Amino acid sequence: AAETIKIGVAGAHSGDLASYGIPTMKAALLVAQDLNEQGGINGVKVEVLAEDDVCKPEVATNTATKLVSENVNVVIGHICSGATKAALPIYRDANIIVMSPSATNPDLTQSGDYPNFYRTIASDDAQARTLVDFATDTLKVGKIAVIHDKGDYGKGLAEFVKSFLEKDGKAEVVLFEGVTPGAVDYSAVVQKIRRSGADAVIYGGYHPEASKIVSQMRKKRMKTMFLAPDGVKDDTFINVTGKNAEGVYASGPADVSKNPLTKKFRDKFMATEGAEPGAFFDNGVTAALALTNAIAKAGTDSAAIAKVLHTETADTPFGAVKFDETGEPIGIGFVVYQVKDGKFVTVQ
Amino acid sequence: MLELRQIDTFYGNIQALHEIDLKIEEGEIISLIGANGAGKSTTLMSISGITPPRYGEVLFKGKPIHELSPDKIVTLGICQVPEGRHIFPELTVSENLDMGAFLRKDKKGIEDDREYLYDLFPILKQRRNQPGGNLSGGEQQMLAMSRALMAHPQLLLLDEPSMGLAPLIIKQIFEIIEKINKEQNTTIFLVEQNANLALKIADRGYVLENGKIIMHDQADKLLVNKDVQKAYLGI
Amino acid sequence: MLSFKDFRNGLMVTLWFVFLTFPLLVIKINPIEKSVVWRWHNMLYVACGTFVFYVLSRLYLARKKEQQQKIKTGIVEDKVAWSAKLFSEPKFYIPIAVAGCLFALAFPTLFSTYQVNIMITALMYVVLGLGLNIVVGVAGLLDLGYVAFYAVGAYAYALLNMHFGLGFWTVLPIGGLLGALFGILLGFPVLRLRGDYLAIVTLGFGEIIRLILENWGEFSQGPSGISNIARPGLFGIDLSLEMSINFMYYLTILMVIFTIFVVNRLQDSRIGRAWFALREDEIACQAMGIDKMKTKLTAFALGATWAGMAGVMFAAKTTFVNPASFTFLESAIILCIVVLGGMGSIPGVIVGALVLILLPEYLRAFSDYRMLVFGAILVIMMIFRPQGIISTVRRTYSLKD
Amino acid sequence: MEPILDVKNLTMDFGGIRALDHLSLQIKPGEIVALIGPNGAGKTTFFNCITGIYKPTKGDLLLNPPGKKTKKLNGLKPNKVTEQGLARTFQNIRLFPNMTVLENVMIGRHCRTKSKIFGAIFRDPRTKKEEKEIVEQSLEILKKINLDKMADEYAKNLPYGAQRRLEIARALATEPIVLLLDEPAAGMNPQETQELDELITKIRDEGLAILLIEHDMKLVMNISDHIFVVDYGKKIAEGSPEEIGKNPDVIKAYLGEDI
Amino acid sequence: MDYFIELFFSGLTRGSIYALIALGYTMVYGIIGLINFAHGEIYMIGAFTALIVSTVLTIYGFPLLAVIVLTALAAVIWAASYGYTIERLAYRPLRSAPRLSPLISAIGMSIFLQNYVLLAQTSDFQPFPALIPEFDFMEPYAHIVGSSDLAILVVSAIVMILLTFMIKFTRTGKAMRATAQDRKMAMLVGINVDNVISITFITGSALAAIGGLLIASHIGQINFYIGFIAGIKAFTAAVLGGIGSIPGAVLGSFILGLTEAFATGYVSSDYEDVFAFSLLVLILIFKPAGLLGKATVEKV
């Protein structure tokens, strides 16, 4: 009945975290544009409503109500786990399906509180598992220092890493410590790492602090290995850290740049923006495609959409993707990269 | 030497001075008397450019100064000892004196003047290195005057120099006022509550009443003027 | 109207700003590819912008001077501040208040739930503003850590609700009391501090609370926060999203009215006077037999109480709390509300809150420029109305009896 | 008859400086006592010590309220001292500039009233009554010093002389038994001083004891029953105005030959 | 023991950075009693200017030394200009306004400047070229003190000594002290108060810029937000030492820096800032005017 299909996109589009939110918004717009060029979904045009939540919970609730009151059919977002958590109940009560390209907090799916939630990125615990296994089995390190940025994402991940390490008992956690983002200097904590005699650092957090810590470790002539999650697997990290980035391991979604769909949308992006798409772009595209695909098959009724999402796969940059009953994506996992001469290259 | 023409001064929207006209000749002692809140201090502040007049003009040696900034006015040789002394509390007595000579470059001259003033007010010499802040009222008043004199003013504006001072000190202060007027030929514009004393040493006097000059005349004439006696001399 | 001199100065100023903004606005570097983009057009914008702005401000000043000229020569009466008049004379403010209330009541029916939701946030800041107004505006204690008590309230509800399933109505007073308690705990040692020392200590306290919430995971679930906090119940009826938002709205309205009522009565009471006096001159106050510590402490604690209650409502509204919501910036905003509205003036604070909270929402149109404009507005407002939008009018007694 | 305020060997040091040196002083009920001395003698410091604003290094402060037993004021906070019945004015005016004249006086009533927060919020009859009384009594006092016409003016807009009087009114509002005035006539012209003279005597006649710091000898000699002279924190003389007037030490240290 | 020394040095480094910013706070506060929340932003702008200028110069192939000198100059000049302009625009009109109005104006200014840089440049972190080279003679001690730490220590030491000298002995310094204590009187002895205040802002901003330059090339990256946290810390340090007092600001900064370093080293960096602020609260409780601040007994 609706004259258009409305897709809400919520995330940080301004403020200091904008760089994480904007790519997804662009992704959604490009997908919509692409569909509309082919005459929309079953002849119905797709419309994207983008709303800024600055990654703040209290703002996110406003954003959510705004989208709900503009009765969107589905929502892509939010970007930060905190904001997502705050917004989800509102969508749930309005019975709207939400798919986040980047909110990795496990509770979102595992708590079972949000049946309407899906995501196109693996959760922190999965990623923690990847990092831990890589450290203990591939790198075979015995002593590990776990550092985090006290943030939602970083600390959550670090805690999983810690608990996994302790459970497996293959390696010993010699240091578990949070650093203050934005501090003018990290040498004290770096000294502490050195003192702990760790062979490797597993860091939970985003690239700015990671880069500061790595640089200072190298400046202090420390060879300690450095493992980090997808928050660090970002070209900015390499650019900022320069030669000190060499050898750093970072986990992230499998490299899908070969995939034609990925190419297609990346090129579209290049064409419009004239720059490489930033963080979570592919996940954004994936979310958009998965949702539109489901709508195409099931119409705009949430229950029906959910059914499709669970049962039928959609073609996305990450290949054929569908979702398990908790809303986790099946077929989007993590692989580990290492920085070699200024590039992230996959390690087998 | 100094001439005020039709000065109007405002604080925000409150008008404190209404069309003040006033003339001071070289070498004179002029005293301005008036009740509290009459606008005496405001007059001085208008001359010094702290609260510049909104309308009217101030001429110093024929040149208009009412648009100059306070420091420029000081450079011209107009110094004020404001009401309530305004000693720099954390500077020592001698540093306070140096500030008085802020615009002067001649080291030697400054030294001599400081000595001269120490002779004038021996107590200051004793307290030389004590922070000005916790001198008592009288000590501060002396310091304030000395500080002004350090600048070698041609025109010295004094705002209630006798306020809150012991009778003995008041006498000293007034003697000194006359002294510098004679010896250094400093022109003096004296604002006083204590009309008696003020008019005794003054050549001419002006009477200010809520922002208006209501009377001006030779000092001795004012002293015997019935209205003045009744209103300001408490006779 | 504008002299040649003005234009010359205008040019100087323009040049100055061109110079000032040159590196940041004109040069855009890409440190990775080691490439530079020269955005000369920006320089043009700056130049034109500055010059126009300068000329306008000149004109404004010129007009002002004329006004004064007129006032002097008695052509026009200089008028008392409209605001003062408006809020001093009942025949003016009663109707306004009534109209305001009616509008407030009708609001949810008139606007979308989104608008209502925003309005709830704004109204909560009204409560916060009025609370802080007791501390800063009335008692003159500069508190930069007010958000701490807000956090206390919010987490009080979040935790009590999570662990013991306590409901909104039970926790609301508890939150207030906890706020007061923390207020007193902090107040005792630090209220001896003067002016800005107090400011920084409270700021520190605010940060400490936030950091503890962040790091003490076992207690507060750390940075990932607490979710699924129950919305306020209405006799166990379960409400649809829209209804519960409207319900929340009316609750907040009630809260605001309650706050206004209390704060207003406090202000013209024996204690209120003591607070004002304290702000004016502490030593004289003591000499008049006012117990400095006790009076300050009551002000501080009362302010905290309101922060606490507002916190509970915040938690109930967002149904999710995490430390990120209680940064120094929040305290700063609340302070802005008080000062920009008009220190110690209740209508002032209300207006201030509505302006400062609704502004960013409706500035969404400016998208990225939002906060830029916001900051600029703060500065400009202060320059043109340093005493706040609506300045205080002291109560007069002898008139009435 | 026994002094109402009895100060014994009061001593006050500021770092090096000894501002007060074993200064003793008594005031009898209904007396106007003047405390005079050169600038920096320690008069204001004396006030600050007995009103608890400074903590004296040594000495005893005894207050004998008529009909009650002796109270020791040492170490009390300023507000407690005021409650005991000592009220003061300040050498450099310390009014509440942005409150109305009436409110300034009402603040004075604070320590004699007791309504608390809940009273304030719920406006129970007791509080209502109290408020009413506060206003009336304050207006009463304002009438006495004829400022009642300016009751709703901001204190800062009063002319200087009026401000000085208002300070006295505010002090009176605390129902003192001893009133301490620090240079009330400073910066007043002879005429205003005249009025002040009458005001102070009037207050005295209502039975208050008054301790007065003043440099205006005309006023002092006029109204005081007894005069203490201090110099360098030490008492150098005491006695009736006549005696002081011709005491050579006083003349040398303070008055100067002719006045 | 080694560990102790290591921590000690990292404490010193932090300390001297805080000091460079804190001085600006303390000077401005001393002279117009304003907590200049925009000061942290000046530091940030200093860093950004440095980044831009240095990149441009390197692109046009200047030799490293020239780059360093010119960059430092540019950073100082522009930061100072911003400081001056801010004072003219946002604070001077509020000289006679209620006490808190300038504070709000400052907060507004800080928000404005952050977003100005965000929009004019970018929101992501930018790599900052290592302007401070790795000295060979430092190699043996590299694991304890990096070359950049050394440079920071030395430079800030020199700067602070110069500043102290200026305040104590030059005419300008005297004028500043006088203005700080009694503005009206300062005018009456012929001091151009407006200029003095401007000079204060300029000096403070210049120091902040040097701080920005040093820390940026030490840490190797900047974004528009770095000013805020550093600013708050530096301000804390200034208060710790007794706001308004120059040596106080330096002392406070070092104490704060060392506390943080040792807290991190021996306890945990989780509570780093909690330690910092608790220390502040404690010190102020026992010394209400800060370490070197004069406890001004109001002369009643």
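Each chain gets a letter, A, B, C, D and E, in the order it is written, and its residues are counted from 1.
As a working rule, a residue touches a chain if its C-beta (ideal position, glycine included) is under 8 Å from a C-beta of that chain, and two chains touch if they have at least 3 such contacts.
Fair warning: this is a prediction, and the values are worked out from it, not measured in the lab.
Relative to the centroid of every protein C-alpha atom shown, the closest chain centre, again from C-alpha atoms, is found for C. The greatest centre-to-centre gap from subunit E, using C-alpha centroids, is found for D.
Compared with subunit C, the chain whose C-alpha mean position is the greatest distance off is B. Subunit B and subunit E have Cα centroids separated by 42 Å.
Separation between the centroids of subunit B and subunit C, computed from CA atoms only, is 47 Å.
Centres computed as Cα averages put subunit A at a distance of 75 Å from subunit B.
Work out the mean CA point of subunit C and of subunit E, and you get 28 Å between them. Residue positions of subunit C touching 2 or more other chains, listed in rising order: 31-32, 215, 283, 368, 371. Among the residues of subunit E, those touching two or more other chains are numbered 118, 126-127, 270, 273, 300.
The multi-chain contact residues of subunit A, meaning those touching 2 or more other chains, are 15, 18, 150, 178, 239. By the touch criterion stated above, subunit A contacts subunit C in their complex at residues 13-15, 18, 52, 56-58, 61-62, 65-66, 68-70, 81-82, 85-86, 88-90, 93-94, 105, 107, 111, 113, 150-152, 155-156, 159, 178, 239.
Taken in their complex, subunit E has these residues touching subunit C: 29, 33, 35, 37, 45, 48-49, 51-53, 55-56, 58-59, 74, 78, 81-82, 85, 89-90, 93-94, 97-105, 107-121, 126-129, 232, 235-236, 239, 243, 270-271, 273-274, 276-278, 280-281, 284-285, 288-290, 298, 300. Only residues 33, 35-37, 84, 134-139, 141, 160, 163-169, 171, 193, 195-196, 230-235 of subunit B touch subunit D when the two sit together in their complex.
Of all the residues in subunit C, the ones that touch subunit A in their complex are 31-32, 112-114, 117-118, 121, 214-215, 217, 222-225, 227-228, 240-241, 244-245, 314, 317-322, 324-325, 361, 364, 367-368, 370-371. Residues of subunit C that touch subunit E in their complex: 16-17, 19-21, 23-25, 27-29, 31-32, 34-36, 42, 136, 142, 189-190, 192-197, 199-201, 203-205, 207-208, 211-212, 215, 283, 328, 332, 335-336, 339-340, 343, 368-369, 371-372, 374-379, 382-383, 386-387.
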